[in-house]
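Okay, here's the structure, questions in a sec.
The chains carry the letters A, B, C and D, assigned in the order they are written, with residues numbered from 1 in each.
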């Protein structure tokens, strides 16, 4: 692998995502797919299965949150600094249904010092907005790849 | 079953929880256990398994959220009115580890008209606080049990 | 005044803003200026005065919030339906200083049924981002102008 | 004044509050009153004046937030470490009216490392709940009193 110092920002974002993905049993276990990654942005999709349904017959909000949270995590970890979630908020707009293909698109709102804000929109296969998520991140001193 | 009109508030809370639980594949699928239910309050516990780990080697925040969200949902659905989540926020305090037994305890902060606020504290088996969650609910016109 | 039914969306937004502004003693009392209004968007500016400083010598977060909240209120009230705030969150990025000219720019993220989400960015005269605000609104059945 | 090292936790909380209050032009300018201070807790009250009314004829949400934010700030600054707000959320329950005496009561939910969570309840003179606020704080390395 090319040394980090010689990577472009895009190459670095992709390399960080590969490291994260390879150990992310949670996202893999839910059959998420990383559709797109670039510095500060990520798009991840997932199909709502029957075991994700809650007592109201819709996708449990926790799984919608988990999808959005994964997109947030990949977006804020594109700079080769291990970055963790501090505080996240989600607003549910319409229910997710079993069989829906949900897509979470994360983009960076702000990054200042060690603090970041990322917004994630979750849509279904028809483009309807299912949820809006805002995540606050904190950068640690560790790196994904050796520098 | 006793008719709803003759139930005490506690009996009603338990009956609503039974209805919700029986169809909540998401909570059951994660081997959650409903430890306690009373009007406006619920306690649910879950063990962090290896497939809940994220790319940082900790419990994916989504699963901690899902546990808290389930406790919130059961707490706000104790009055025989189907009640859904609108907006939720979570703050992570310390990581959850694989093997941890996490407990989410939800209590009602406010219920006014159709809007409610519920706080949920997530702790591990040592009593350490893992996360603090605040959920905002909205009551629909439907009921869990026929009235 | 032109009847509401004959107004364009832009004319309606401006007419609603005039009605709101004329009775908004709070925003006027802080010498806010409504710089821009269009359906779903608003921009309001304000200078930080000495009496807005807190015990840390910076602009009290409450005044930054108030500016953002006003921009949110004007943006979500552009459709001739009286709309109120339900839940708002703000993240502070850098301090506001006495003498700073702060500008809050609100845009609509989502509007579905009676619920809306609006994001507001607060910047200073140098374009630095001072705060990010997200507001959740609820539409009532009343109107600003007779229909 | 007694040296900090010899103060009890309560004496330290009161001394920090005195320092903060003496320079807090914003809280003083709104005629707030600090009713109570103890480590991790604060209660502040304020009367809603006509110039705090918004375009809906109610207390502008910004002033309710500002009152809650002040209570939060005093509560999290009781340990002689200068502590600032990072992220705050507020939910409005019922309107504040001109003439209302509002009281904001802040208590500590969590304090871990440099991060804290504080909840603030705002009530009116009848004990009705006007708003619920949750603030996230971050401790700096500076002190209010020399150590």
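Keep in mind that, in the parts below, contacts are C-beta pairs under 8 Å (C-beta built on N, C-alpha and C of every residue); 3 or more make two chains touch, one makes a residue touch a chain.
Keep in mind that this is a model prediction, so the values were computed, not measured.
Of all the chains, the one whose CA centre sits at the greatest distance from that of chain C is B.
Chain pairs B-C and A-B differ in how many C-beta pairs are in contact, and the one with more is A-B. Chain centres here are Cα means. That of chain A falls 24 Å from that of chain B.
Centroids of chain B and chain C (each the mean of its C-alpha atoms) stand 35 Å apart.
Chain C has its Cα centroid 30 Å from the Cα centroid of chain A. The set of chain B residues that touch two or more partner chains comprises 86-87, 89, 91, 115, 136. Those residues of chain C whose C-beta lies close enough to touch chain D in the complex are 19-27, 29, 50-57, 59-63, 65-67, 69-70, 73, 77, 82, 84-92.
Residues 89, 91, 93-94, 109-110, 112, 115, 117, 119, 129, 132, 134, 136 of chain A are the ones that touch chain C when the two sit in their complex.
The touching residues of chain A, counted against chain D in their complex, run 86-87, 89, 115, 136.
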